[in-house]
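Letters A, B, C, D, E and F mark the chains in the order given here, with residues in each chain numbered from 1 onward.
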Amino acid sequence: MSKMIEYEDASEEVRAIYDDIRATRKTEYINNFWKALAQHPPTLRRTWQMVKEAMTGPGELDPLTRELIYVAVSVTNGCEYCIASHTAAARAKGMTDAMFGELMAIVGAANMTNRLAKGFQVEVDEIFKR
Amino acid sequence: MSKMIEYEDASEEVRAIYDDIRATRKTEYINNFWKALAQHPPTLRRTWQMVKEAMTGPGELDPLTRELIYVAVSVTNGCEYCIASHTAAARAKGMTDAMFGELMAIVGAANMTNRLAKGFQVEVDEIFKR
Amino acid sequence: MSKMIEYEDASEEVRAIYDDIRATRKTEYINNFWKALAQHPPTLRRTWQMVKEAMTGPGELDPLTRELIYVAVSVTNGCEYCIASHTAAARAKGMTDAMFGELMAIVGAANMTNRLAKGFQVEVDEIFKR
Amino acid sequence: MSKMIEYEDASEEVRAIYDDIRATRKTEYINNFWKALAQHPPTLRRTWQMVKEAMTGPGELDPLTRELIYVAVSVTNGCEYCIASHTAAARAKGMTDAMFGELMAIVGAANMTNRLAKGFQVEVDEIFKR
Amino acid sequence: MSKMIEYEDASEEVRAIYDDIRATRKTEYINNFWKALAQHPPTLRRTWQMVKEAMTGPGELDPLTRELIYVAVSVTNGCEYCIASHTAAARAKGMTDAMFGELMAIVGAANMTNRLAKGFQVEVDEIFKR
Amino acid sequence: MSKMIEYEDASEEVRAIYDDIRATRKTEYINNFWKALAQHPPTLRRTWQMVKEAMTGPGELDPLTRELIYVAVSVTNGCEYCIASHTAAARAKGMTDAMFGELMAIVGAANMTNRLAKGFQVEVDEIFKR
């Protein structure tokens, strides 16, 4: 299991990122993922920056849709940590049980058809090329 | 490349499914994926049923959100056919260039953090278990 | 695209492997995969040894079942080369169109349920632990 | 971990599916996967229908071969739940220790050569196109 | 296929990134990947920043080792574009044919043992936990 | 969890492999992976042979670089066992905390750009084809 850097043991640089995570997410809680990444501050900094902008930056997709997409990827990759944390985040942003069920239905169907398209060696239709 | 079953060469059973695809999608066009699956009618029937219900059945997620999720899975799996066809479907349902860019940003960030969570061997936080 | 080493340009070591591939497979044809690997003879030698034993060595699984398993893995990974070559090999060993359709149906269903098991965070039943 | 719906707490619709699972599989035991999916009845219904037909419907592949293929996919995807449950199912249908060992050998070899084919950028041979 | 933004059609913001790519890589050539991402400037900017720091920032791993790691990931994911571009980059940084062969041998072996570890359901040894 | 074959319960053939593992690795410890594979001696023999040659055979890549590549693949595949065991092996061969952090940064960035290349459907540049 991962070593984790707690706030009180963290460097100035890491504390500043923890503070930004707290302010952005409006919670005191720093989850294990960030405490583990803090072992390598440049990776912590860049990853937080990337995730922060992709998930909370200005854009046309609403926050819940963004979390649903995140969960879809994490389920497809089989990342337990990411599924648990982003399912929680999606629920906090309004995902109902029915929406979760529908999300899983689409993720399951897409993973199935992805393999059928590969296995049947289907060529891309001309109308789908642009 | 895949053999494909055209409407005129198709059995009664396959024609009925092609007709349902056309009616559901409000287009005469049957794309290569379905024509390839028609080589094995039971797989065609079950797959269409699954995709039809997951993508157009009653539910709380709107049609565009469903397509974005489908694209997210297909990109994560690296399925060229599925990316091409569902990106086209998403555009037909209103996905703008900016939305596509944001979708890719989230899919990219999620694939990155999925590996960081695995590589740092991060344990799931108690608060994410329910 | 890959450089390929033809028989006439190959070293003694590589020729001996090509000869063994031909003898084992009862065909003069050496497919591109082996000609590409021949760029690095130790990888060619070890890979052929591994594949030869797993696919043609003594065992309880018959040759066709082995090819079906190989195709299932290749489809799941989305490896076009492997799907094309092992689908051909499976057909040569007796795979009918119906069997291919059933194989795809299982591969599709398994890829779907794999994601549902992950997404719903299902715990392994006690009776499945041994 | 997933919420699970027990028979006594289940709706009419879900009970009917549980009953069908029991009848089809000739066991009283409903495994965790189905109890978790029961949170979203349409996904439970469609998934069971798909799996039931692919795994027990009429066809040319025998039940054990179908389970071996299922395990091959689940191992390739790294789905712990699916590996545990379908390995148990394969054993119940006659998979011996030797067959399991051979299955793993093929799955391992296929995953290895899949990457070699990609890494060496091998082009599909003309004879494998049909 | 992707739309691509050429330098002469690019916005100020995108041109500045293209200039930085050229300066960092000491070449006039901007490859298709960046021209495609330029469709969504924020994704272009963040991705270039991330890749630039990870691949050319200060650190203990030398440039060639970094490229070998990049290729290993890309081969495992089956991303043709990434395999082609980073294999070229690795060669430019000194990768010999022998090193490429060894790299493939390790990537192949790791993909094989990854599945064996999953399939045999091997538990992590106490001594590997820290 | 996997059955494991201890040295004292092992056949002559398996003991000889265990002895070779110990001699090659200069440690008395046989880790769980090999004890699990010993359930199927031919798979144990072939896998050890493959891993031994790829990881310790003559070549231009040094032992630490080989381990970094192994970890990169294992993280990308999400194989917990392989991540834990090869991270330990890499540390034993000199991987520092900083090197691990850099490795993760590259693996994360590569997984991100792999998806962007797929999602944006980027065509391979002519100069990357050889």
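One rule holds in what follows: a contact is a pair of C-beta atoms (placed from the backbone, for glycine too) under 8 Å apart; a residue touches a chain by one contact, two chains touch by 3 or more.
Just so you know, these numbers come straight off a predicted model, no measurement behind them.
Common neighbours of chain E and chain F, by the contact definition above: A, B, C, D. On a Cα centroid basis, the chain most remote from chain A in this structure is C. Each chain's centre was taken as the mean of its CA atoms, and the one lying most distant from chain F is B. Centre-to-centre spacing of chain B and chain D amounts to 21 Å, using the average Cα coordinate of each chain.
Spacing of chain A relative to chain F, judged by their CA centroids, is 27 angstrom. If you average the Cα atoms of chain A and of chain C, the two centres end up 34 Å apart. The set of chain B residues that touch two or more partner chains comprises 1, 39, 42-43, 46-47, 50, 53-54, 76-80, 84, 87, 98, 102-105, 107-109, 111-114, 116, 118, 120-121, 129-130.
Those residues of chain F that touch chain D in the shared complex are 39-40, 42-43, 46-47, 50, 77-79. For chain C in complex with chain F, the touching residues are 1, 3, 42, 46, 49-50, 53-54, 57, 129-130. Contacts from chain F toward chain B in the complex involve residues 71, 75-76, 78, 80, 83-84, 87, 103-104, 107-109, 111-116, 118-121. On chain A, the positions that touch chain D within their shared complex are 78, 97-98, 100-102, 104-105, 108, 112. Listed in rising order, the residues of chain B touching chain A in the complex are 1-2, 29, 31-33, 36-37, 39, 43, 47, 50-51, 53-55, 59-61, 65-66, 68-70, 72-74, 76-77, 79-82, 84-88, 96, 98-99, 102-103, 105-114, 116-118, 120-125, 127-130.
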